[in-house]
Each structure stands twice: as structure tokens, then as C-alpha cells.
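The block underneath contains the structure these notes are about, expressed in C-alpha cells.
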């Protein structure tokens, strides 16, 4: 007689913990062929609010770490993902990818993490500047993380998620991510990787549920500093979210035509960084 | 013979400027009449009408954008080196006509000639010179191997630094190969219109720079025009948010330089006499009409009395009056509307229980004037500690520890600038890292340079102007 | 200055350690900020009527100086007559505050200015380097004072100051002041050797605590000599010292001030920073030689309305 497997309950990832939605709601997630995969938690606006609180709480510590340390942590995420690649390949395959596609996606996700890990202690050198002002002053500009960034992840279960999250955390931001509505399960499994990779709780928070329901709360949240619309395909929703983001002048990255399979983009880091310029007189 | 020092009225001659009775819009290389009702610009120091100004309607703005679009085709294709030469030319003509520009700026804006002559206009020339040099080096700027211009830039600027804000907008836009439609503030259009003449003198191709005068409606038309690819705005946070909503969902790239409520933080080990100068310069420079003004003085309690005493002594030497007098430190408030706003917020400060103090000073009968003012005993809960007054009004708050200073400094929706005064190097660097502001002046304040990026965090806007970073907002 | 400073002022010279703590506890000076403030003060324009007054005031503040190895009694006598009557053609022209000479010329100068209000100032304490034993420096002072000097310009031991031996410098000044007798004491810092603005501020307080009547920038033998920012710092120091103690101390920039335009910048600065109480030869002096003729030329220009030339002013 065959063994009955123990199925995973897919929950949210907030502040380093895996709570159910406070609303108690779930929704059905099917694979490409319409077969039931699992129930995913259906996050509410209150879950989104809690996630922002967790992200804000984590921001000071995470942005205050050395860039070297953040790079090591992001690299550690790549290591753990590599060690659990079989699970991700299986989940991607369950979602409808072919074996080769699943392997390629996991490869790309790991490599992308490694790429951004290396950037954490280089971005200030590339995006900063020493400014030769016409006067007796030392003047230096350097990029700093903007704060809490809300992200609508693209509908690419693993690579898409990694492509939006890795640059944010490598830069020192913390984030609240709404996972792809149609392929949310891998995101929660990826949260397990984050939870075991020295990424402090609250640095990445992952919500599953309806984008149209949760995203407006994040877009209008006055304690969120940035909004990444990469995963928003509905132009009207994208506009509405950008309008809401204007309430506190969030940095907004609009959904573009980029292909996430292409090489990773540095502007995913710089878009959510602020340039700070410091002046000091030079005198004896 | 006198037996004390009396400063002479040392007025700069007005003869150098030739203000026409009326001005049109500058579109496609020519001055044309606008189709709006028209308005006047006045000298805020005398309330004298200076000129009739055309008001651009939606149709006029459309013409200007059309001219800019047409000019973009060739302007974006000529080599960077050639574009740069036009900008160098403009920089040189500004330097040649600097006294004329300075006098005109002081007449139209009310700022002291000392500042328009020694700060605004030289910085304008320097800004064009700096970006001129970038025009043929864009591939080295770190924005990709083959950076491309965006197209037509719609730019809306404020009245506090009319010509300097024009330079901050136009110089990088042109260097990157964009063409522009710029709307100066309705109370200070004259130097922008003189700049249009300078473009003609420089033989800048028609349509590369278009200047449309008008009020909020004209600005909205520029921002909302569908054929504008880039919106750059300096002004209030309220209007900045409206612009962000307008462009939402479009392809337009946006940079916004908005309000501020900067903390100027003085520690007990600061170079106190220079700190006092920095406080004065921080809030009274340009009548406090400065988005990055140090409008909240955070002073460590152990030196608060000493700093305040020194500050009051120093304020008593400030000379308020005729903007064209070379001895004037504080000129006229730019408009009756702004004066009313400053008065209203100051009255609220008093009503909320803060201690109000100004040195004795004789204000002229005509024109818009406000004596330099400080409020003591202010807490973070006072409106004068939270809202941008945009006038010569300083709120004084106390703190005890560096952490408290950081908390209070950052406790605002704004994040444009901050000042730190201490002789302890490690504390400066720690403070600089903790302050959520785009510009941190340590042991100095209100310094500007074309090479130095400027712009804010949070509700102070996004994007940077100046330096290499200033190119990003004008490239794809 | 806070009351805390006032109550502790008496104790600060109790030991080398307390004096050092006090001097190093003074607020620092940011060089760039101080330079900018001084430059800003230098850009004021004053009224024509004030300018006439300022030129006469500046003339009355000059310590007309000759401090050369080749000085002779004849040279000193000529200097004295110029000090008494700077413009022989115009009796309304004020006399200078003093002549400033080496100690061995005091007797000559004293008899030359006899009956006039012009003071005789003598440099002493092994001027300009001050590199001699304390015995020699004090004897130098006593001799000049005995010869009738009204004012003694001493130099501090810059070596001791820069090595941090503040109490030694303090004791020197106290001893020299005692040796001065009734003569007023000006203390020269040689700011060009002290180099930093922080040192200028510390030296100012050190000298004032030790009883200096005047603090003076330079000997004129070292470049840079007097500058507007250095003098600005010293004027701030005397202002702060009066606030702390009620006592007024004078300031004398010396060396390098050659034009009337520069002199007026100094006066504007004194007026705005310390106030009009210091606009008086008792409290502000210019140590200079060539400055006087430029002041006279400008004075003549204001009187006649045309530019004058050097041939019309005496070269003594």
C-alpha cells in the first residue's frame, strides 16, 4: 500500500514567519492544465499592512549592514537555492514547465542572485561620484536604499520573483512582494529559502492573493517608499496604482517591455536608491 | 561729517536693463503673441508694474511642443560636440551679460543684488558650461554605451531662483539632445524671456528652446501634453503630487524637486560662530524662499542659550531693503500671496505658543516685506516645525543626544537637505549616514555647484539635478 | 559666552592642564566659513560722509612703524614728525595714534613727539622672533619702558605655544606686563606662524587672560601678516571676552594693510562684529607704514574731488 504524502500548507511570509492570512481566506491554485495544485493564502489589506510594518522594522538593520555582508547574505540565498534545486524543478514542473525549462529557470534564478550579490558592494562605486565643486569643499555623492518597496512580481514563478527581489535587497531595501497571482506557490517555497539563508525576518515579505485587491493598499500606503509595477499587466490598474503612489511621491518603476530571461538590469537597483550628496569644507 | 558708520544706499544701476512694455511667447525661435488674457509682472520691492506678459493657452502650448518636436529631429541627430558648442556659447553670453541678468533678476524677483550677482547668475553660467562639456561624452556617463535623448522635455520652474532653475532644467536637457518647452513662474518671467534673446544671439536652432509664460493652467498644459516625453518640475509638493498623478500610466519620465523642512543641527562642539553664519545663511538666504532652507534649527540644549544669543546679535546686523542696494542682505518677499502665507503661518506659530522674535528693522512702505524672524520653544508638534513657510522664518528646537537629533531631523515627510555642525569628524559621518535627505551640508549650508547632484528623498521629490546624476533624467 | 565660562575663568590658569582644557574647549573655527564671513563683510559700501569720517578714524588708529635694522635717529625723527602732522598742508588732518620703533629708539622718538598726543610704542621681548631667555626679554621690556615707551609690543613664544606649553606663554605675558610698568601691553601672536584659526582663537584668549591690553596679529616680518579673517577672529574674541568679563581689550592688525580700501574693510568688520565701542584708537590700531599715505591720498581725493599722486605726500 502506497504511503499518503504530507502536503504543504502554503501560507504568507511576513516578518520572517509564515502566518495564514488574517482574513482566513485561501484560493485555489491550478497548474497550467487546470489541475489543482494547492490552496494559497489569500492575503488581505491587513496582511499587507502587517507586511509593511515588518519591512519598515527590518529596514534600519538591513540597510545599516555593511554592503559586503548584504552581498554575502544574497549569495547565501543562491547557495541554499542551489542545494534545494530539485524541489524547485519539481514544483516548476508541477506547474507545467518541461524538465529542461524548469532546470533552465532554476539555473537562471541562482545565477541572477549571484550577479546581484556581487553588486551590493559595488553599486556605490559605480553610481556614486566625487564631485569637483568650485570651492574649498569635499563633496561626495552616494546611493542609498530608498526604504520599503512594494513589488508586484511578474508571472514567472521563480526567475521573475528573484529578478525583482534580489536587486532590492542587494541594494539594502526591504520589500513587500505580491507574488504572481497565477503561480504563487513557488514564491512561498522560495520564502523558505529566504528564511534559512540569513536574510533577517522582514527584509522580504511575500503575499499571495489578488493583485487588484492588495496592490492599491500598498500603492497608497504612506510608509512605503517605492512601488515596482513589473508584474502589472492591466494598464488601467497600473495607472491607478501610480496615481495612488503619488500621495507620498513613491519612487515608481513602471511595467516595461523587458524580457526577464534577458540579462539582469542594474536599474532595478538604482531605481529604488536615493542619491545623497554630502558637503564638507576643507580647511586647516 | 558722520561720526558712525552709515552704509550708503549703493544701488546697482537699473540703466543696464531694458525692460520692454510687453513680452510675447518664445516659440520656434521667435517671439509671438499668446492667446490668453495676458498678465503683468511687478517689482515686489515697489509694486511697480514692469511689463505685460503673454499668457499661453493650450493651443499656444501645443504650438510650442510641436516646434520642439520638429526641432528634436535635427537637434538629437547633430553630434554631441556640436550641441555642446551651442551650450558653451550660451554660457559665455550669460557671463558677458551677467550684470544685466542680475539686475533684472533682482527687479523681478526681489532678491538682493548681492545674491543675484554673486550666486545666481555665476552659477547659471557655470551650469551651462558644465553640461556643455557632457554633450559629447554621454557614452561615458554610466548610462549605457549609446545613450539616447528622450524627446521633448516639458519643464515648469518656480519663482525663487528663476534663472538658476531655468539653467538646471535646460542645460542638461539640451546637452542630452532633448528639446524643451519651459514655463517660468508667472511672477518672475523676465529673465527667462531675456534668456530667449540669448538663445537667439547664440543662433540656437529654432524650436530647441521654447518659453511659454503663464500661470498654473499653462503649466498643466505643458505637463499633460501627450507629445511631451519628459516632465521636470521644481516647486511645491502639492503641485508635484498633482503632476505625478497626471503623468501616471504615461510614458513620461519625471523629475520633481519639491518642498523641504530641513533641520540644521548644531552640536555643542560646533564651530559656533560659523554655525551662526550657517544658520543665518540657511534661513535668510534669498528671503528664505529656498526649498532646501534650514528652516528648523535643532540646537543641542547645552549650547542653546549661547547660540541663540549669538544668532540674535547677528540678526540685528542684517539689512532688509532695496534689492538693488549692494548692502542689502534681505530683499523683498516675491509676491503679496507669498507674504500673506508667511504672515499666516507666523501668526499660527505665535498662537501655538512659540516665542516670536525679530530684530528692530525699518521696512519700506511699499512692496512686500517680512522681517527676519525666529521662533523659540518650538516642538515637533507645532505647525511651524512641520510646514514649509518658504520665508525668512526660523523655528528653533532643542535636542540632547545625537540619536534624538536624527530622530527629530528625519521626523518629516520631506527629505531634501540637512545641516550638521560639529567639529567631531566621526559624528559628522555618522549623522550624514543617518539623515534621510538628498543633500547634507556639514559645517556649511546652502552651497550649490553644477557638479553636485541636488534632489530629495520622500516627499521632496525624485530624481537629481546637477552632476553626472543630472543627466539620467534626460536619457532613455 | 555662558555664565559657566565666566565662573571658571578665574581657575583656568591654575595649571597647565586646566589652561589647556580651557583653550581646547573653546569653540573651533571652521576656516572656510570664517573666510567667507570676512569676505562678505569686506563687500559693504559706506556712505561718502561716513567714508570721510572713516578715513580720519583710520589715520588716527595708525601705529606708524619703522622696524628696520637700518633705522637711525634721523629716520625715527622724520617718522615722528609725519605721525604728528601726516598732511603738512592740512592742519585738520588727525595725527596717528603712535609711532612704533625698536627699543633703542624710544628715547629719540619720545623727545621727537614731546608735547604731542602721539604715543611711542616699542617692540620688545627680543622682537621679532622672541628667541631669547626670559631674563633678556624682560630686561628688553624694562629698558624700553624706562626710556619712556607708552606702549610695549611683545611677541609670544610661538615655539612654546605650538608645543602646547600654554602656561609658560601665559606666565611670560604676565611677567612682561609687570615689566611694562605703566606702559600698555600689546601681545603679538605672529598668526602667520600659528597657522590655524583655532590657534588664533586660543592665543587671543590666552593673552587676554594674562592681562594684555591689546592683541596684535603680526610682527610684519612673517608672511602672511594681518588678514581680514584672522583679525575677524580676534575681534570676535575681544567681543566674547567683554561679554564674559566686562573688560575691553584692543585689537591691532599689523603688516600687509596697505590701502585705504582695505583699512575701511577692517573698520566695517569691527563695527559689525564687535560694535562701535571699538571704533576708537584706544581699542583698534593699524600697524602700518605705507598705509598712511594711501589714507592721505584718499582723504585728499575726497576733499578736492580729483585723484592725487604719490608725489604730493611725504615719504618718511
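So that you can tell them apart, the chains are marked A, B and C in the order they are listed, and the count of residues begins at 1 in each.
To be clear about the criterion, contacts are C-beta pairs under 8 Å (C-beta built on N, C-alpha and C of every residue); 3 or more make two chains touch, one makes a residue touch a chain.
Remember, predicted model here, so these are calculated numbers, not experimental data.
K.L.:
So how do the chains connect up here, line, ring, star, complete, or something else (other)?
P.N.:
Here the contact pattern is complete, since every chain touches every other one.
K.L.:
Among the chains, which is located farthest from subunit C on the basis of C-alpha centroids?
P.N.:
A
K.L.:
Tell me which has more C-beta contacts between its two chains, A-B or B-C.
P.N.:
A-B
K.L.:
Calculate how many whole Å lie between the centre of subunit A and the centre of subunit C, each centre taken as the average of the chain's C-alpha atoms.
P.N.:
Computed from C-alpha means, the inter-chain centre distance equals 69 Å.
K.L.:
In angstrom, rounded to a whole number, how far apart do the mean CA points of subunit A and subunit B lie?
P.N.:
So the centre of subunit A lies 37 Å away from the centre of subunit B.
K.L.:
Centre to centre, by mean C-alpha position, how many angstrom separate subunit B and subunit C?
P.N.:
Comparing mean C-alpha positions, subunit C is 44 Å from subunit B.
K.L.:
Mind pulling the residue numbers of subunit B that touch at least two other chains?
P.N.:
In subunit B, the residues touching two or more other chains are 443-444.
K.L.:
Please output the residue numbers of subunit C that touch at least 2 other chains, ranges allowed.
P.N.:
Residue numbers touching two or more other chains: 30, 32-33.
K.L.:
Can you tell me which residues of subunit A touch two or more of the remaining chains?
P.N.:
Answer for subunit A, listing residues that touch two or more other chains: 135, 137, 281.
K.L.:
Under the touch definition given earlier, write down the residues of subunit C that touch subunit A in their complex.
P.N.:
30-33, 35, 195-197
K.L.:
Name, in rising order, each residue of subunit B that touches subunit A in their complex.
P.N.:
Per the stated touch rule, the residues are 126, 142, 237, 240-242, 244-245, 248-249, 256, 258, 413, 415, 428, 432, 437-444, 447, 449, 451-455, 457-462, 464, 467-469.
K.L.:
Give the list of subunit C residues in touch with subunit B in this complex.
P.N.:
Per the touch definition, subunit C meets subunit B at residues 1-2, 27-30, 32-34, 36-37, 43-50, 52-54, 56, 236, 267-268, 271-272, 276, 279.
K.L.:
Enumerate the contact residues on subunit B facing subunit C in the complex.
P.N.:
My answer: residues 1-8, 10, 114, 269-274, 277-278, 305-306, 317, 326-327, 423, 443-444.
K.L.:
Taking the complex as given, what residues does subunit A use to touch subunit C?
P.N.:
135-137, 281-284
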